[in-house]
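For reference, the structures are reproduced in the following blocks.
Paired with chain B in one complex and with chain C in the other, chain A is shared by the two complexes that follow.
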Partner chain A sequence: MKHSFLDRYSDRDSVIHRLDPRGKLVVTLAFIVAVVLTPFSSWLAYGLYFAVIAVLIALSRLPVSHFLKRSLVIIPFVLLMAVFIPFFKEGEVAGSYNLWLWQVSVTHSGLQVLWNIMAKAWLSILSLILLTSTASFTGILKGLEQLRMPKVIVMIMSFMYRYIFLLTDEVLRMKQARDSRNFGGGRKLWQIGTVGNMIGTLFIRSYERGERVYASMVARGFDGHSRTLERLCFSRRDALFIAVLGTALISIGLFNLIS
Partner chain B sequence: MTEEIVTIKNLSFGYPDGQQALNDINLTIYRGESVALVGPNGAGKSTLILHFNGVLRSNGHIRLLGKPIDDKNLKWVRSKVGLVFQNPDDQLFSPTVFDDVAFGPINMGYSDDEVHQAVTKALEMVGMAGFEKRSPHHLSIGEKKRIAIATVLSMSPEILVIDEPSSNLDPRGKWELIWVLESLPVTRVIVSHDLELVEALCQRVIILDRGQVAADGAAKDILADKELLAKHGLAMAEQG
Partner chain C sequence: MHIPDGFLNTATVVATGVVSVGGVANAVRIANKKLGEKHIPMMGILAAFIFAAQMLNFPVAGGTSGHVIGAALVAILLGPWAAVIIMSVVLFAQCLIFQDGGLLALGANIFNMGIVAGFGAYYIYRIMGSLLGDSSRSKLVAGFIAAWASVLLASIACAIELAISGTSPLLVVLPAMAGVHALIGIGEGLVTVAVVSVVLSTRADLLKLNRI
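Right, the complex of A and B next:
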């Protein structure tokens, strides 16, 4: 069993950990929007955004390696989407190559777009890692709910958080059961059929579990409305946090406009 | 005469696929009793207990504390009948233990203070005080079972109905659970085919087989009747 993979380190203590999850959610969202809206050429702005996130990471007193490792996850996805841009973007040619029948050329502006996308994705994922490593998943859910996120979505996410590990365990058990009856490896093609069956079984089991969970909710008076206690309290520290970060983001944006 | 908590008269129930699960059931549970509902797999035990709190309803007359169960009083019914399901992973669906134990009280419309009190009290009753912030996923099966019981105790039910409390537990976990159940001051119906647990906890035993009540009597008489138990698949027949 993997323990709290999603919100590892969230039970530690630091200035950032102690902040209200709503404040952190709003600031994270604002940070991502600001980063995404920054124009291509303003390298200085990217540097400043990085400085902001670096300060926050330092304040959170979490191992930097944790951030670096986790942030690598995003690279393959972004690369897959963006790797062809340098070849298609029009503009001044930086280099051209002959590949058998085709002549491909890479443009300067294309490369710039690629780097920009990478930088934006990396900065955004860093801020999200900071959020999930300094606020517990339940805290984030509570925050989302109080920020008027539709309750259905909050409930779906909370069920996901509760049952995703059970599902993983179930898959592992099914895999062990399969492997212990699978003599000598077998042909690859035949295995695909087995995997298909496993996915089907997993779906049916989850569906049936859903019915049982619903029965146990109904048995405790559930009538389709999710109710929760209000437990978060927004302090002066949180207001200060939002104010400081908000000012920082706005001034970077303004600075960008002027220069 | 003691007060009747649940009264069932002429209850029959068939599932939509045509399988007849219950056939003319008559029984009464009195206040303060500890009743075991035993029977082989597929006897209709789980179907029967789903009728106790109105999740399933059919032609029969089920009265809870003298009142018939209908659409209007479902909420009241569910606060009075605490149903604990067999698999604690189905019962515990919230991210934290607190949220799960508080789920019933919040749905019942308790105030914030009442919810906190109910949760603390319920967790103390099952010996799990201080577990509020933990995630159910990180608990052992025995701990999960106890929390599952706390999730219905927090609604202060009149009757506690528990499906297979000892399944998947090792002997130590089972005996710990038995002591917890023994200490709870509520009327209990325990569905099980673990006769050791039944003997330790129940004064009265009802045997259910093929949707019918096959026997209903004092635990010591029924548990001593090896022939009756063997007939309903609850013990091996004597050899020779």
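Right, the complex of A and C next:
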């Protein structure tokens, strides 16, 4: 399988890629906080946040299509959650429609809320795509560990990251075996049983793999710590990055307060 | 059911965030005390299993699709605190990798799909187990009901959070979310039963592990 489908493009090189993952994590969090706290109807602020993201995307020299594709995967789910909003907000009616038995009306304030939520969600999604496309997952984990995330959580996450690929390969092999034994024909009930057995078998196999891996790790001296040669270093460039982005976010926020 | 950023108001983000951070911290403390490093690789692989299982979407009525949460399975096998840890890890990774669920909404998502679903499933499984007896058939029935209920409980929690945030009125979002997830819960129940029955027939000892 292609092993880069999770943190795709994170192995490329650009100004943004070279930054310390800790700095990028902090800035991403700050960006999302700023976006989420932006009051309704400040169009300009949303425009400015979008400009910030656009500049960062340009600096990262990643294909814009990557960001659009990733957004398109998740936006429908966001829309599904938000789609009822314009119909149930009270206020001035923008349009009303007769749908069979129901009289449905859309309000202006409802549309504004919908627009707002979608803008916030999309900006946050873009910033997260930027983070994971410019920092490797292991780098992010290392950064999280140094930002005082509990060690157990970081370790479990790094194991999870390693085994996702193995499990996906396992699923593909099992599917191939099933298909070559003429899945698709036969009774429906039998098929459900097959899928159930596949999932159950996958679980047992992953569990037993976990036991084997642990035994071999202990045999090699595992004591609850994972040591790597990779060292994160926080340079002047990272400080500058945080300072510039911080100033930008604060000035957009102040600008919002004044206007 | 993954809530994106922008849907919750500040009070809900802070409240669910505080509860989830406290819950995860307590879960980590209990895991450190009772499990030791022996379970870390195992829990990592279980997290990968849940992560992979969540990538498989199955169609639900009305053009929507759902996927398993997995909290019930972990809660039945390893206990509710383990479910909180594993679900937090999975949700955090999904937020970063697939942007599924927001970063600020992570507290709410961990609360719904980790704490509510995990503890709900665990206690329903225990109660059903004591009502139905100790046969393997009753374990499967209890597992199905616990898994189904965990999805429903999580979706109700999610609906209440959205309503408190003023995103949509409770009378609309609650029946909509609970209705869709009552169907998705059937899928969750079937998957959970499938795994538990394979575990019962091949490695029954796994159902007698130290739970936390």
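We adopt the following convention: the second predicted complex is superposed on the first by the 243 of 259 C-alpha atoms of A that agree within 3 Å, B and C clash if a C-alpha of one lies under 4 Å from a C-alpha of the other, contacts with A are read in each partner's own complex, and residues count from 1 in each chain.
To be clear about the criterion, a residue touches a chain if its C-beta (ideal position, glycine included) is under 8 Å from a C-beta of that chain, and two chains touch if they have at least 3 such contacts.
On a predicted model such as this, the values are computed, not experimentally measured, just so you know.
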With chain A superposed, do chain B and chain C clash or fit? fit
Return first, second, both or neither, reflecting whether A:138 touches chain B, chain C, both chains, or no partner chain. first
Once both structures sit on chain A, report the angle chain B, chain A, chain C from C-alpha centres, rounded to the nearest 10 degrees. 70
Check the residue A:217 against both partner chains and state whether it touches chain B (first), chain C (second), both, or neither. both
Which partner reaches more residues of chain A, chain B or chain C? C
Touch check for A:209: first (chain B), second (chain C), both, or neither? both
Tell me which partner A:167 touches in the superposition: chain B (first), chain C (second), both or neither. second
In the superposed arrangement, which partner chain does A:43 touch: chain B (first), chain C (second), both, or neither? neither
Would you sort A:234 into first (chain B), second (chain C), both or neither based on which partner it touches? neither
With the two structures laid over each other on chain A, which partner does A:159 touch: chain B (first), chain C (second), both, or neither? both
Min C-alpha distance chain B to chain C after superposition on A, in Å, is 8
On chain A, what residues does chain B touch that chain C touches as well? 137, 158-159, 161-163, 166, 209, 213, 217, 222-223
In their shared complex, at which residues does chain C touch chain A? 2-7, 10, 13, 24-25, 28, 31-32, 36-38, 40-49, 51-53, 64, 73, 85-86, 88-90, 92-93, 95-100, 102-104, 162, 167-169, 172-173, 176, 190-191, 193-195, 197-199, 202-203, 206
Residue ranges of chain A touching chain C (in the complex, touch as defined): 6-7, 28-29, 32-33, 35-37, 70-71, 73-74, 77-78, 80-82, 84-85, 88, 113, 116-121, 124-125, 128-129, 131-132, 137, 140, 150, 152-153, 155-164, 166-168, 171, 192, 195-197, 199-204, 206-211, 213-214, 217, 222-224
Write out the stretch or stretches of chain B touching chain A in their complex. 50, 53, 55, 75, 78-79, 81, 83, 85, 87, 89-96, 99, 102-104, 106-108, 112, 115, 135-138, 151-152, 155
What residues on chain A touch chain B, complex-wise? 1, 3-4, 137-138, 141, 158-159, 161-163, 165-166, 209, 212-213, 215-223, 227-230
